[in-house]
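Labels A, B and C are assigned to the chains in the order they are written; within every chain, residues are numbered from 1.
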Amino acid sequence: MRKAPAMHRAVIHLNDAAPEKIQTVLHNTANLLAALGPEIQVEMVAHGPGIAVATTPAPEELTTELTGLLAAGVSLCACRNTMTARRLTPADIHPQAVVVASGVAHLVTRQTEGWSYLHP
Amino acid sequence: MRKAPAMHRAVIHLNDAAPEKIQTVLHNTANLLAALGPEIQVEMVAHGPGIAVATTPAPEELTTELTGLLAAGVSLCACRNTMTARRLTPADIHPQAVVVASGVAHLVTRQTEGWSYLHP
Amino acid sequence: MRKAPAMHRAVIHLNDAAPEKIQTVLHNTANLLAALGPEIQVEMVAHGPGIAVATTPAPEELTTELTGLLAAGVSLCACRNTMTARRLTPADIHPQAVVVASGVAHLVTRQTEGWSYLHP
């Protein structure tokens, strides 16, 4: 459990299903952690077509990098609105993902709280 | 008229003319209102090719959802720079749209004022 | 040297190599300066494929507008992670570009400091 807020906090907007785009996001996120280390807290927020990154089984080429990021403390948020629209159940979603009511609302409320925003 | 600032305020960056992209933006905005209700104030900022959403007549498949959002209090901002570059007059622009001098400058100044930013 | 922070500060995220996208970014940035004049400080942050805007020689059709922006005080930041991955040396990078350790980390830290963010 984090005791104090990190110096930097960032939400990353993931609304694209293309594996090469998701790969880029995961790679950028790894670079972010490498650059800012314990000073940054990151949430990847997947909604719309971007929910692909949070469905199981994830595309094979993404699994290794995603697993590494989750182990490093990155959060993966899945949009419940998207799950409902696509008839996805919790069983379809990565077991470590956190389900949020609305991906876009989460992106907005985090920024209200002072988080930075990245759209890859 | 709003008496106090909403708890959350968001500008949505619309610079794409593709109807399916605009449809996504309108749909995301509706989800944002559904999730945060009266606690959020939203402005869609259309510039460049994105000005398409604010021109009349709007593509038919978009009109219903756009009308609903405007009725729910969402603002639609149209970039005057773009209007000038495309020789659009106020008569070409949605009657409920608010013309701003520069779409990108509006997106920046709103963030300076504490608004969140979304790029769909 | 700037003595006081500008009223508005913005980072512009450049991660696309397509010349028409870069052209749009440069054009939007020029509009931003025209609208907000001395009240705005702008950094274009190039990483991933977007590093193209900062490599020399830049695509010819971009050079004039880029030169004008740099002369007007806009900063061009190039991501060292991207340079390493693409085996680019400082000699390959625009002489006025500022090399930052990580483009995405720079985009996040600037927002922590209160800068606005634009993804074109």
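Following the convention adopted for this analysis, a residue touches a chain if its C-beta (ideal position, glycine included) is under 8 Å from a C-beta of that chain, and two chains touch if they have at least 3 such contacts.
Given the structure is predicted, the values throughout are model-derived calculations rather than measurements.
A.B. asks: For chain A versus chain B, which are copies of one sequence, does the interface use mostly the same residue numbers on each side, meaning over half shared, or is it different?
C.D. replies: On the two sides of the chain B and chain A interface, the residue numbers are mostly different, under half being shared.
A.B. asks: Considering chain B as a copy of chain C, what rotation angle in degrees (nearest 5) results from a C-alpha superposition of the former onto the latter?
C.D. replies: For the C-alpha superposition of chain B onto chain C, the angle is 120 degrees.
A.B. asks: How big is the gap, in whole Å, between where the Cα atoms of chain A centre and where those of chain B centre?
C.D. replies: Chain A and chain B have C-alpha centres separated by 26 Å.
A.B. asks: Which chain C residues reach two or more other chains?
C.D. replies: 117, 119 - these are the residues of chain C that touch more than one other chain.
A.B. asks: Within the complex, which stretch of chain B touches chain C?
C.D. replies: Listed in rising order, the residues are 13, 15, 48, 81, 101-102, 104-105, 107-109, 111-112, 117, 119.
A.B. asks: Report the residues of chain C in contact with chain B in the complex, numbered from low to high.
C.D. replies: Checking each residue of chain C against chain B gives 7-8, 10, 24, 28-29, 31-32, 34-36, 40, 114, 116-120.
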